[in-house]
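Both complexes shown next keep chain A, but they swap its partner, so chain B is in the first and chain C is in the second.
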Partner chain A sequence: MSVELISANHAAALAATLAGRANRSARGFCSGVYPITPSTECMEFLCGQEIEKGKVVRADSEHNAMGICIGASAAGARSFTTTCSNGLAYMVENCVAAAGYRLPIVMSVANRTLGPPWNIWADHGDSLLLRDLGWLQLYSADNQEVFDTVLCAFRLAEDPRILMPVLCCMDGFILSHTMAQVEIPTQEQIDRFLPPATIPQRLDKAAHTLGQMETPHQSVVHRSQHHQAMLGARQVYSEIQDSFTEIFGRRPADPLVSYRAEDAETLIVSMGTLGVTAERVVDQLRDQGQAVGSVRVRMFRPLPDTELRQLFGGKKRIAVLDRDISIGFGGALWGEVRNFADRDSIVQGYMIGVGGGDVRPEHLLNLLAELEQSEESAAPKIVEVA
Partner chain B sequence: MNEPALNGMALTRQDRSEPLLRSGNSNCGGCGMSNLMQMLRRASAEHELKMVVPACCAAVTSGGFPESAFSIPTIMSTFASAASVATGIAAVAQLNEEKTRVICLAGDGGTYDIGMGTLSAAAERNEDILYLCYDNEIYGNTGGQRSSATPAGAATTSTLHGKQETKKDIIGIMAAHRIPYAATISLAHIDDTLRKLEFALVSKGFRFLHILSPCPTGWKSEPAMGIELVRLAVRSGLFPVFEVFDGERYQINVEPDFSGEALTMYLALQRRFRNTGVTEESLRPSIERYWNYLRLMSGRIVPARRN
Partner chain C sequence: MAQKKTRSTPQSSTTKMVLPDDITFPLEIRLHGRGGQGGVTCAKLIAAIYAQLGLNVQTFGDYGAERSGAPVRAFARVDRAPIRNRNKVYQPDHLLVLDAALLAPPVLDGVGAKAAILLNSPEAAEKYAETFADFRFGIIDATGIARKHGIGTSSVVIINTTLVGAYLRLLELPLEVLEDVYTGMGLEDDLAAAKEAYQKVQVCQPSPRATQKTAKTTGGQLETCLPEVKPQTEHFEDIPSRLKTGSWSTQLPGYEDYVAPCNHACPAGNDVVGFIQALKTSGPDAAAEVLLHTQPLPSVCGRVCPAPCMHECNRNQMDGAVNIRSLERWIADHSDFRLQPEKAAKAFSLAVIGGGPAGLSAAWQLALRGHQVTIFEKESKLGGVLRYGIPVYRLPEEVLERDLKRILALGITSVCDHPVDKAEMARLHQDYDALILSKGFSDAYNLAAAGESLDGIEQGLDFLARSRKSESGENLVGDVVVIGGGNTAIDCARTALRSGASSVKLVYRRSRDEMPAIEEEIQDALREGVQLLALRQPVAFRGVGQVAGIVLAEVELGEPDADGRRRPLVTERTSEMNCSRVLLALGQQNTLDLLPDCWQIRKDRIWQKDQPLNIWLAGDCATADGTVTHAIGNGRLVAMEALAKLSGTESTPTTTPQGSVVAPAQVRFSHFPVLAPHQDRHRVLETYQNSFEEVNLGLSGQEEAERCFSCGRCTQCDTCLVYCPDGVISRSENGYQIDEDYCKGCGICVAECPRRAMDLRDKGLSDVR
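The block that comes next holds the complex of A and B.
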């Protein structure tokens, strides 16, 4: 184990590199990559690595970067790519295909606003495009978490009970370009954590056809299998956490990261780095005697509904922060979690930091002060931050 | 004309034991792609194959899950992704030192139009892929709309009075990528076809074969006349049969007699050319222009043989 000062983009790429090398005794590693701000440094780092039995193909588009990952994974290799924003939007069709073939591809996304009008700053609207497409989604809040998440993502994706692609999200620039200390395990440790990938449906000797036509009845069955497998990810993830702890000596973050939430009357719910700001605000308000807590949703797909319902139980006020906007509806996270609250809880949605606005503690303090005065839930609010 | 004596092929011990395209497939009668798969069966007897099929008639012909009419491991890719999915498969085969030959079986829509960027990129990277474009000159799967492979003067369901624009020069485009091998294939010339398929299968790097693929459904022609139509297209000079090595060395494989009668017959036997104003005379200048270019590129100013 060593400690390195690296950006989250590099942390993701390094995790993928080590995971790639770990598959050298099996079918190897192959990745299709294409640059886009702010994910570029991840693919650049990967292109600079020597990976035994590994190849990184410099693709001509995000659509084809995923196409190459599909081919590689369908041929039995471990596969990884990275993109964001319009690159992810351009890739979506092949993301649908990757999920449909149930291929264990891991992708790192440095969340960025979709354009035009062009904007390179952090917004979760891009990865939320994949919300309903059969990809697991994990959102990280610091560089170590990004590294650990990518490693766990390979285990999750390749688990025979799961077998589907995994999206590892980090806030663009806020995380992707921030340098921080990251504990890097040895290759030998990684080898122990990531056994050789087995992709049972891979194109081998048998003359079977992947992705061919099917009837409505067969589609229902396949969707249902996919759905059930994803629901099982929470259990599998907790097993992976145990194995990770045993090998690396520290525990990767839970699907829900709750902070001083147990005895809180007011809860702040968020995803990504907003959660870190929320935790600071919680400390500040606790010092002033207010019972505030935070819940960071790390695993957005599958959404840990039971745990959320448990955490929400008995809370008076819940502020849901979304760094996204489902136009004509409200925040995506708010829309998903509001029903887990008690009937008499006030659940207020805030779309804050949309388009990459810099969300600072004072913004959250203002918003909570206002929430403390409210007697009922109002329509979701868009909070403008400079 | 160096045409073979027989149109059909007899099954021999040289063939793969199982057809690549098994019976029970849903191709229309007289589909050129069926003929191509038949010939590939023989040419690939010695090879382990993996196949990528983007959205096209071949994606339908394999039938419904879990049965498949293809007797080799196959993946149905998205429309524009055949060459990129094949890139991944070929890369992993190479990493594992396998002799697997990776082939793409794509229609003209997935090649000339939506898959063009993907194709160009894979060619530029010189991926170890054999790309087969069976060109029926329309979007057959969706009911016969124009593509950039549709020849001028052909009526389609989206160009009711005949397409105005000329067909894209796909081999010119591929040759400009300086790929190791690009060739056109006439299904009416079996010896030439087999030789090219065999050569392309053993060659390394990106190889591109363009097959004029009769489509009775879209061309509004007799299913039994498909091979004959290809023969007429070749004879008249409309479909030149040639190959290009490394994007530089052009070799004309079949010397046409530029028969006006053949061209007239080619048009008359397909209802897609009826009432669109296309005639032997209207096609002649573009055929001549293309052949002048071919002569120049192949260094053969005078035809080798003229019957």
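The block that comes next holds the complex of A and C.
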């Protein structure tokens, strides 16, 4: 184990590299990549690595980058890629295919606002495009978490009970371009954590097709299998956490990271780095005697509904922060979690930091102060942050 | 930081040391620089230093869509506890400014009284003493030191590794940490510069009266330094934003013409790129209109010019020069366009003596400007060498006539069969406002070898002249030897071949590479059957009455002489060869025997005692350049000079265009498809005997014009407009305009312009490097 001062983009790429090397005794590693700010450094780093039995293909578009991952994975290789924003939008058609083929591809997304108008900064709108496609989605809040998440993602994706692609999200720039110390395990440890990948449906000597035409009934069955497998991810993830802890000596973060939430009257719910800012605010308000807590949703798909319902139970006020806008509706997270609250709780949605604004504790203090005064939930609010 | 292959910072071992008391946690550091200066890496180096000391760190840049030159910020945060703060740094404890030109309120925002400030500037600390009296303040010429140590390139000096040395000193941190960190990151080479900065940084402690809360220039309170938390209102602002990002830039692109190398090389002063582009876009008449301003003999030069323009053409570096000469011919052969003479405010009356290219060019320029010109020519027709030297298979009679007709149509009077002598010279001087003397070279040189007076040995020029004057050419039989290596020699050889010679040998004393004749002409001669005997010097002729043989000595080449060509050393080894005719082509003398005795030449003008007369020399008799295009350029120059003197205006006319010449590296070859030059068509015959028809038939079309890059001159191709990432370039009435309010000065338009019709200029910020 060593400690390195690296950016989260590099942390993701390094995790993918180590995972790729760990598959050397099986079908190796193959990745299709295409650059886009702020994910570019991740793919650049990957391109610079030597991976035994590994190949990083610089594709001519995001669409084909995913196409390469699909081919690689269908041939039994471990596969990884990275993109964001409109690059992800362009990739979507093949993302649908990757999920439909149930291929264990891992993708890192440095979340970036969708354009136009063009904007390169953080916003979750891009990864949310994939919300309903059958990809697992994990959101991280610091560099170590990014590294750990990518490693866990391979285990998750390749688990025979799951077998589907996983999206690992980090806030563009706020994480992707921030350097911090990251603990890096040895290859030997990684090898133990990530056994050679077996992809049962892989195209091999015996001829068969993937994703062929099917009848309505067959589709229902396949969708339902996919759905059930995704729901099982929560259980599988906790096993992975145990194994991770055993091998690396530290526990990767839970699907929900709750912070001083148990006895809180007011709860802040968020995803990504907004969550750590929320935790700072919680500390500040606790010091002033206010019972505030935070829940950071790390696993957005499958959404840990039972745990959320449990956490929300008895809370007076719940502020849901979304770094996204589902236009014409409100925040996506708010839309999903508001029903887990008690009937008489006030659940207020805030779209904050949209387009990459620097959300500071003061912003949250302001909106919480206002929330304390309110008697009922209002329509979701957009908070302007420069 | 010089971009080494350093993947990350190993933190395996940390350096143990006690931190100075005044470093408190969390520690927040902010850097201000410009895109491209390496500020983000500088922040990383600082973070790496604290990481080396066993502290938790975080570092990041404040990324914008802006490119090179725009203000950039970078941050670092240090704490004993894990860092949860994900915000930018608004109240830095340490402030580093990489560029003094940035010192303005936003840079100093939020800088509290206890802060330490480090500035990169070659200036003395005193200059800032007042401004930063309340802070611990350091100043260092990191740019100078980094440049001295050769970090970065000569144009982009990378200062971050150097600046960090000064930072350590400002905070009283020991240098050893730096060694560990730089070694770990593969930056050992930059250590010396960092150490020098550590030694040299001037540090000023805060003055005791440091009660003021913020830097003076901010004038504000700490609290106002945080961006305002806006009310929760809907956000409606027009797109694009009202942020005038153009004010951040240090450079501004602009449209400018640069000199195309072809234009620079043309001795006649032709606007080559101008006439080619006019041909391309508007056809031969438009092209002729451009060309005729400097070129009265386009049909001639389009055939016989050695075309130095093509030697310099930038397309040589890609797939072969543009066939400029033949495009010039194409225009002359396909346009009857006539320039209309101007009306002169005061018309002068001038005489030109000698109707060769120089005289014709001078007359053309004078007549175009509305002056009265009379040409006095000793032969019966105008043209000089063009008429009695260059053979018709290269320059057909009717082609020359066409150019002459256009010239004379300007109202020039020509008086032929009128040799001017000393007395006539003096008379003309009385009768005209000014004279231009363009009589060409004089008699040809002899060989001074034994037997030179035998029959059958004569000057090649006489042979050529006779050959042109007689209808059917001259009949000539037997074995012919031509002596010389210039255009005259080649023309004699090829004419001899056509006149009935059984064999033609060209004897030249140096090697083929040194032959002064036009290369294409040499090739044509060899193709037609002329044999070349290089490195041979005739030492005697044999024969009784009539020449029957020639004795040739072998020649070796010695040291280069004044003109750079290797000196021929005649050896004792000789051989003899039979021949029946010898044509001498050894060059011509340059004497001026038609000047009255009391006149002298001083710098191409005639003087009488200390009085300059209004008589100028032009063409070969003045310059001895020996090409038509030079004669034309010089004729124009001299005409302008004479006019300037007559009208009492100062003039500094030049033939070559002034300004910076577009180098091949400034043309984006990748923008242009590879396309081989369109070659001239040639009449290929079994035998050239008795055929005086034109050999070179020129181009079959004008497509060759498409190959011209248009070096240095905008073609309105829209590339700049398309590539501008900010979309601030738009078409204007006669070109393009750039919206300075939003131009970031990234220079992408300039870099993308395929032909260097744009440039970046400094907006004049004082301390930007």
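We adopt the following convention: the second predicted complex is superposed on the first by the 386 of 386 C-alpha atoms of A that agree within 3 Å, B and C clash if a C-alpha of one lies under 4 Å from a C-alpha of the other, contacts with A are read in each partner's own complex, and residues count from 1 in each chain.
The rule we apply is simple: a contact is a pair of C-beta atoms (placed from the backbone, for glycine too) under 8 Å apart; a residue touches a chain by one contact, two chains touch by 3 or more.
Every value quoted in this text rests on a predicted model; they were computed, and no experiment measured them.
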Kindly say whether there is room for both chain B and chain C on chain A in the superposition, answering fit or clash.
-> fit
Contacts of A:Ala180 with chain B and chain C, given as first, second, both or neither = second
Regarding the shared-chain residue A:Trp118, is it in contact with chain B (first), chain C (second), both, or neither?
-> second
Looking at the overlay, what does A:Arg27 touch: chain B (first), chain C (second), both, or neither?
-> first
Following superposition on chain A: angle at chain A, chain B versus chain C, Cα, nearest 10° | 60
Of the two partner chains, chain B (first) and chain C (second), which one does A:Asn64 touch, if any: first, second, both, or neither?
-> first
Return first, second, both or neither, reflecting whether A:Lys53 touches chain B, chain C, both chains, or no partner chain.
-> first
Counting only touches as set out at the top, which of chain B and chain C does A:Ile327 meet: first, second, both, neither?
-> neither
Pick one for A:Ala379: touches chain B only (first), chain C only (second), both, or neither.
-> neither
Just chain B (first), just chain C (second), both, or neither: which does A:Thr215 touch?
-> first
Once you lay one complex on the other using chain A, what is the shortest C-alpha distance from chain B to chain C, in Å?
-> 13
Parts of chain A lying in touch with chain C, wherever the complex brings them together = 2-6, 10, 38, 45, 117-118, 120-121, 173-174, 177-181, 273, 276-277, 279-280, 358-363, 366-367, 370, 381-386
Residues of chain A defined as touching chain B within the complex = 27-28, 30, 32, 53-55, 57-61, 63-65, 67-77, 79, 93-94, 97, 101, 203-215, 218
Contacts from chain C onto chain A in the complex sit at residues 7-12, 44, 47-48, 51, 56-61, 63, 65, 83-88, 226-235, 239-240
Please give the residue numbers of chain B that touch chain A in the complex, ascending.
-> 50, 52, 59-60, 62-66, 68, 70-78, 80-81, 83-96, 117-118, 120-121, 124-125
